[in-house]
């Protein structure tokens, strides 16, 4: 074995991990863009098509996450602990699950219309996914300069609060203006799922902050 | 002190832990079997009796978990970290709490009938508990051969997705076929609790996968 | 540099942390006291004033938590791991978020009246915050004498079960006595948020128990 290939064998095989996690971020970002488009579509056939594209991103993301989990079993992702990376990936997966589930509920429950505040919530989710995307690109730099990462973690915290606020005012409006109790239950169920997406996005930021506390 | 007893004193006292955690798995399995029976019982008096048997398993499981926590304070459970075992046990406890709470809600809320999809959900919970039971029997073998454990972790992930699906289709049916809003709220509340049970079962699998990532 | 100041430089700067976390506990306690007062107030104007005072505690608590996070980045909090302290603080913050959110929902949704069981739930939350307050005062003593801490962790577990029970019986009453479906949805939504507060208080106790398992 030549000295060169010996060194390349010893070199931590971290190269695969960072590109993979960037792909996960890209799936989330794409799915969130589709969700906003979905929420603005009144044509039910087109809405269903967009929902299927969101579903595709979810499947694609699952593939990347599984690849990362396999990588974790036989590589060191310098300088992070396996378990921290594992937790982070699971939570990223959860965000996409919730996006998918929210769209699915709209398709299944068929509410009479999509209220303006629901579109607003989808845009908040898009902002969350944009921040997550930036964080995942910057993951590698946490030990040296964690500032951009921390800035977007703090943004995810604010977006969750904004999500709470939109949810609460939306439900207040519902109670005041909608007289059909079943329609209230439907819309609340969908909006709850969207609001949970912003909660999970903030839980992603908690995993990231924990990594910063440990390695920065 | 003879050399023999000295060695037995030094030997990690791990013997108690594995039998105890297998007992916890057995409580979960029994409770899930009772839950399926409960969901299929139309006689209210008999249903209440089964509910009390589920409650018994919960109390029994609490006892085993407390014993494990005491063990954790004065023994090393080679080769796992105390805190990982601690987290796992708490989540196992949560699964049984949710099973118990689901049955309790049926007893308290007295819905007009138990829909077919609710029985289906209880059977999914039973499959979850069967997988957890196998995982707990195999815990000891994680460092050498984690394959069966990982197979059932992946099964728990699939069962959670199946649970989601049954929940969403069930609620869709409810919105289409039930006109009494209060009955919808009741049934949704019970079904939500059952669906949460499959979520927690998957969170158990996340603790286990974290252990595999660390020790396998 | 004199020898004295050299030593004081080397001495772990843990002094700031313990007073700060005691301030967090004090915010929680004050907010819970206000919540009980809020739940007993029928005058809507006065209720809104109390809600704003709860909000103040939340902002104050955020300040203390941020100070702790900054401390964590450049100090060792002997003898605990940074990440355990970090997780604990996040959960303490969550408790106050839920208290605030519960009061906010009452202000926004304007239910016809505040049922007795809701006041009871607020008193359970007060007991939770009293236990958390004691735990935070005792945090320093975990390595030497964790008994008082463990006693209050166990109390938080019991209070969560009590909260569950009050919630379930309350919803049962609602289904039996309230005929307005929209009012049911409103009251259930508020009560759910209060009940979640007791869940999070128990999750605080889980972080603490994990610290005890590691350091006691």
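A, B and C are the chain letters, set down in written order, and residue numbers restart from 1 in every chain.
Throughout what follows, a contact is a pair of C-beta atoms (placed from the backbone, for glycine too) under 8 Å apart; a residue touches a chain by one contact, two chains touch by 3 or more.
Bear in mind the structure is a predicted one, so any value in this text is a computation, not a measurement.
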item: Third chains touching both chain B and chain A; value: C
item: Chain C against chain B, contact positions shared by both copies (same if over half, else different); value: different
item: Whole-Å gap between the CA centroids of chain B and chain C; value: 27
item: Set of chain A residues in contact with two or more other chains; value: 181, 185
item: Contacting residues of chain C [partner chain B, same complex]; value: 164, 168-169, 171-172, 175, 179, 181, 184-185, 188, 206, 209-210, 213-214, 216
item: Chain C - residues contacting chain A, complex; value: 69, 72-73, 82-83, 86-87, 90, 101, 104-105, 108-109, 181-182, 185-186, 189
